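To keep things simple, chains are lettered A, B, C and D as they appear, and every chain counts its residues starting from 1.
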Amino acid sequence: MSTFIKDFIEREKVSRRNFLLASAYGISGAAALKMFGPSPVQAATHDDPAIAWSYRNRTNPYWNEIVSGGEAFVESLGKSKDALVHLINEGSSEKSLADVKALMAKESGKVALAIDTNDAPNCRPVVEAVAAAGGYVSTIWNKTDDLHPWDFGDNYVSHMTWSDEKPAEQTARILLDAIGGKGGVVHLGGIASNNPAIERLQGLKNALKDYPDVELLDAQPADWDTQKANQIMSSFITRYGDEISGVHCANDTIGYGVLEALRAEGMDIPIVTYDGNPQAVDLVREGRILATVFTNPHWGGGVTASLAYHAATGAFKPSEEPNEHREFYGPTIMVTPQDAADFKAKYLENVPTYDWKDFWGPSNGQIQYK
Amino acid sequence: MNNWLTRDNLIRWAPLLVLLALICLFALIEPRFFSVRNAARIAIASTPALMVAIGVTFIIIMGSIDLSMEGTVSVCAVIFAFAFIALGGTLASFAWLALPLALLVGAAVGLLNGLIHVRFKIPSFMCSLAIGFVGTGFALLLTGGDRVRVEDELFRSLLTIRFLNFPIMVYVALACLVLAWFIQSHTKLGRNFYAIGGGEELATSSGLNVGRVRALAFMLAGMFYAIGALLAVGRIGIAETATGNNFMFVSITAVVVGGTALWGGIGGVWNTLVGVLIVNVINNGMVVIGLPNFVQDAVLGILVITAVVLSTNRKTVAFVK
Amino acid sequence: MSMERIKPHFPWITLIVLGTLVGIANPSFFNPAGLVSLTADVVPLFIMALGMTFAIYIGGIDLSVQQLANMVTVIATVYLAQFGIAVAVICIAAGFLIGAISGYATTRLYVPSFVSTLAMGFVALSVAKYLSGQRALYMDAELRNASFGWMFDNTAGVPHELIIAAVLLLLAWFLQTRTSFGRSLKAVGAGELAAVASGLNVNRIKILAFAISGGFAGIAGLIFSVKLSGGDANLANGFLLLAIVAVLVGGTPLTGGVGGVLNTAIGTLIVMVIRAAMVYLEVAATQQQMIFGIILIIAIGLTIDRTKLRIVK
Amino acid sequence: MYALRKIDKVFPGVKALSAVDLDIGRGEIIGLVGENGAGKSTLMKVIYGAYQPDSGSIEIDGQTVRFSNPRQAMHHGIGMVFQEQSLITNLTVMENIFLGYEQQFVRYGIIDWKAMAEAAKAQLAKVKLAIDPSAITSSLSFAQRQLVELAKVLTLEERVDGDLVILLDEPTSVLAREEVELLFSIVRDLRNRASFIFVSHRMEEVLEISDRIYVMKDGEVVDVVSRDVADIDAIQHKMVGREIDKEYYREQLQKAYSDQAPLLSLEDVSVSGRFSNVSFDLHAGEVLCLVGTEGSGREAILRTIFGMEHPTSGQLSVRGKPVARFSPQAAVAAGIGYTPRERKVEGIVAGMNVFENMTLSQLGNYSRAGVLNVSGERATARQWIERLAIKTPSEHKDCGGLSGGNQQKVVLAKWRSGGSDILLLDHPTRGLDIGAKEDVYDMIREMSDAGVGIILVADTLEEAIGLAHTIIVLKDGVAQQRFDGFLTQKPSLYDLLHHMI
């Protein structure tokens, strides 16, 4: 698989500032733990923990893919897929935390939890609550930089995120090449404070450095929302009209809104998106989207649940694993018109059967902080 | 005839004046705002919201409120899309039956809302809020979270085919607006909304079956939400649980900004048209003139308050809540 | 006759019945530690609903509370380093001020509170976006623990969060029932014109009610921010409708003058039980929202005291 | 023609009607009088179908009928003209007239506005009202609205074949004398088509228009008298069941007021569009009546003194100090109390109990640093409940559930207990029965003795003459004439009317 970009992430050196911050937390974090949870040594394992996935909503195809992975993992254990507990936060950090606590109370902490905490600040209380109850948690996406699994012994099993900056830069390069290296582009982003939204915009900016003749006309958050993206795009068309020669979107759902806005105007300019949803992959195949980036949510959903589950059963001991196995990047696969059909056949039409115990095989190296 | 410039007249026309002032303001800052193409863009963005706002206008005229629109729109959109695809996937086949089906679904949800409100005497605010949750939940149950694409070129011609620079969906919306105006001013039901808004107890003692009128009003509103749902699907070609998102506050804000009073009895669908345009002109204009994202919300908020202040006749209102 | 007597007690009866049903279906619901933890988590929502009660009690509504809380999470996070625990004062004052502006728009400019608070909420959101630079911010752990760590301690097994909530409830209850301000609120809610004709400064009372609602939203935002140890312009999303629901389910209808802060305490607990029931009864993910809505209709149908509603709008 | 036979109606704990018999002949006008709580309104509700009797029968032309709602009663020709504002003000006149019966103008789902306007014109002609049927109702005067109300009921003529029975509930309460005359002449003209039941507290009017008068007391008809033999005193005796004080207005208790420094003085005060250049002084113990027709500026003057309207020119002084800030708060602080005409809306707060209502205007007196002294409030309330003989089970009773007279007493107690010594009374006896009226008169005298200055807008001219020390007659916002020296000689009704019209 040529597009399987395994090692495009440049390992940067930990900046001095972050190193200091991290070690400072190491001290206060230990103090905090005394307050909030059992000490790591006492972590008990559970024979048959409840497996739960906590995520944003069911209206976004991305989360559906995540869930399908979680369900596939549960089925691989010989259970019915109904055995997976769903906690949906509807975009509310408050509900996210409350549901987790309710689950911990209900199962007396015998829980293997996979979660996206909706907002980075929410990650700490969630992890603390799970650790205090003696459960096991693996997180994805949202986490503040000062929070690390290894500060919680075994209970905070792992954190996986996707380094979006590089893939977003790659899609940007594809876009910029397609418009011939000159003209203007606009960016429609996600919810402005979300980490992926920030990284994906940064990727575009990085790429632009090499294209002095291309101007970033405007960047506005479209909150991951198709309808909002649609309206913002039509306003962009009014403001910049023919100056827009390409559109960089922070995810597929934004891309759909942009495509429809262009369609209403009878315009046809190149766009690139992110996430690699089936619908977007089809559009890539048709050539209406130049590129999207597949983050393999199915695998991510399965392996995150698997990590928490196997740590909870004691199959492996997280605290004995190196840091690169506790905080790591998920896989990213570029999807372009040339390989879209291949890709679709391999990943979407026949979902591969993954070895859920190969936790780190497809992953992409330890998370680096700037 | 030189006394048309009275205070009362000014207040009555204030929403329209606000709209014109906003257009002039944005056009002055960014001349490209003032173009037929952009007018069409604003019109496209406005149509689904206009339909939803018209629906809730009837309810607000009665002095009630309806917060169920987000759920209703989602349910209608999703059922429409499923039926449309199941029946052939193009308007040229029996799939056109999905259009009346969506209207029926809207009417059914609205009627359910109205009946619970009337029969169990639950204030409309609470009842419709809960029905909204049920609606969104039901849409989610149906889709399981997936989005349904409606790709039929014929159906999408709502957006893609233009006539005098405006896509067909804008004319559909205008036709519905005229229909709504007709219901409002030339039918018994429409006039009864005003009677209830003007004095519910008096209307009851005049022999009006207020409960029935209320239930019908919610049903009618539901049908307009369904039209809104169809246009929303027509605009982006996707039906999903999130299709109804954001309609609640936008539509009610638009109704109030247009000069229809929340306490009932005053206003109408033309006011709502102006209100929807004000809100969408602001949204479009702020991006067009390049206002930084983080101030856009505040500007919208302040302009909304200003518009309401200008169109309220403080002499005739004792107090507001 | 007997029905009339029982009616006002329906909210807490509903709460007990719901709780018992969940407990019967899954006895682990009654685990005291779990219950305490569940209750402690609903504290920020409760405080917001408590403030909202004042706005609804005078017959208005406050739709700005969620955005105020968003703004406050950012303020708290940004200024914690500079002001330490005094940042609490800034947070509450900011909420109070924006609430007061909404109140001013409602009373003096005759903008219905539904619109004025919604619009002021947008203003607060802008402030939050501006201050946060549109990023998620987090607090320095040491500073946070030094200034606000006490909030999440517990004494004899009772989390301090619950104590804060109880103190605020007591304060709000005292305000409502034992002060001339509370009496004036009731008069404004039940008969605004008569309150005017009795020489009450109705405008000031209404502005104050919205300001208090904003102030409580500020406290809710602050506690939430400290709890999550960070802030951003969307952190408190999802609070608004639940806070309204908590007030309404408690039996304070939107018509004003009826109900009160104790009802809101019960209403918040009902919301908590319904929500926990989703987890305890393992309701399928795709059905949760629909079932929440249905239970909500039933709960509201049971808890509102219709005898005091002349016409139902 | 129309008859009630042995009608009983029981509410939980109360027997509202017992064995009521009532007959109405074709074209007859009968009067229905009784104190508040005598069962008049229950009886009317039974007649127009809002209540169903527990036993007994309703007969029309000898046939027993049963109505389960007002609409069914309308189909049998029974219509009700409600008190004053029962038209929906944001609708047009014609829509009000045909509200609920629009169907006849609907063609293919569309309302034919022209046809409705024509039909409305015909109805308005019946009551001799020449207004545009498409006018918005809020632009009409109260008297016009009352006639529209009657025209609305008269649509029954076209809809029903048989005879009509029309109930008039206090139709004259907002009308000036000449408007009452007009109404009566229209009613008399309509006798060939309809019978009327006329309900009013104004005994003279009842006597003037009715052929027979039904007197009710405690849910029973205690007497039926025909006009020829009717005598006000006798009827009132029957209504009250006791001898009415000959000195109805407590004139024997009237004393001179001190002409020391005035409590309140107005110098050339004007509010544009309401009244202009009004001047007078109010002294301690004085009862000053403002007399005039509806819209003559009486209420506006009261509301200006109370700070609810702002004078456009002139000066208002309280105890010699010019008033700078006009607001109800400032007025209450200056010792002014206001008893509004709309008792249920502005007088009391329904939903709050007796003691809460009583202390509403003076929370400062019962609180320290904003904290209420509830036991102090309750003590005061109990004291005033006893002093004014307010009929309530306790001070915790919801004021909305009290009778009109007792509500009014609570309002007066509110101001008296707060120590207000300037009282503005706007129709304080409106809608009260005789017993309650007498209580109010007693209180006015007592307050006058205690040195309270009172400005009164009375329900009737007789009341004004009976109670006042001073009368100022207003017309179109201008003071026409002042009458003084009432202790020696009182003006006659004619004197006042002469200046009013």
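The criterion applied here is as follows: a residue touches a chain if its C-beta (ideal position, glycine included) is under 8 Å from a C-beta of that chain, and two chains touch if they have at least 3 such contacts.
Computed from a predicted model, the values in this text were never measured in an experiment.
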{"item": "Chain labels contacting chain A and also chain D", "value": "B, C"}
{"item": "Farthest chain relative to chain D (centres taken as mean CA coordinates)", "value": "A"}
{"item": "Rounded Å distance between chain A and chain C, as computed from the means of their C-alpha atoms", "value": "33"}
{"item": "Euclidean distance of C-alpha centroids - chain B vs chain C, Å", "value": "29"}
{"item": "Centre-of-Cα separation between chain D and chain C, whole angstrom", "value": "44"}
{"item": "Distance between the centres, which are taken as Cα means, of chain B and chain A, whole angstrom", "value": "36"}
{"item": "Multi-chain contact sites of chain A, meaning residues that touch two or more partners", "value": "58, 67, 192, 221"}
{"item": "Sequence positions of chain C contacting 2 or more other chains", "value": "129, 134, 193, 286, 288-289"}
{"item": "Set of chain B residues in contact with two or more other chains", "value": "140, 144-145, 293"}
{"item": "Chains grouped in pairs wherever the two touch, ordered by label", "value": "A-B, A-C, B-C, B-D, C-D"}
{"item": "Footprint of chain B on chain C - complex, ascending", "value": "58-60, 63, 105-107, 109-116, 118-123, 125-127, 129-130, 134, 192-193, 202, 241, 244-245, 248, 253-256, 286-294, 296-297, 300-301, 304, 306, 309-313"}
{"item": "Chain D to chain B touching residues, read off their complex", "value": "50, 69-71, 74, 80, 82, 86-91, 95-96, 99-103, 106, 109-111, 113, 152"}
{"item": "Complex interface listing, chain C residues touching chain D", "value": "1, 178-184, 186-187, 190-191, 193-201, 257-258, 308"}
{"item": "List of chain C residues in touch with chain A within their complex", "value": "26, 28-29, 31, 33-35, 37-38, 41-42, 44-45, 73, 77, 129, 132, 134-138, 141-142, 145, 149, 152-153, 224-225, 227-239, 242, 272, 275-276, 278-280, 282, 284-286, 288-289"}
{"item": "Chain B - residues contacting chain A, complex", "value": "30, 32-33, 35, 37-38, 41, 44-45, 140, 143-147, 149, 159-160, 167, 232, 235-238, 240-243, 245-246, 283-284, 287-290, 293"}
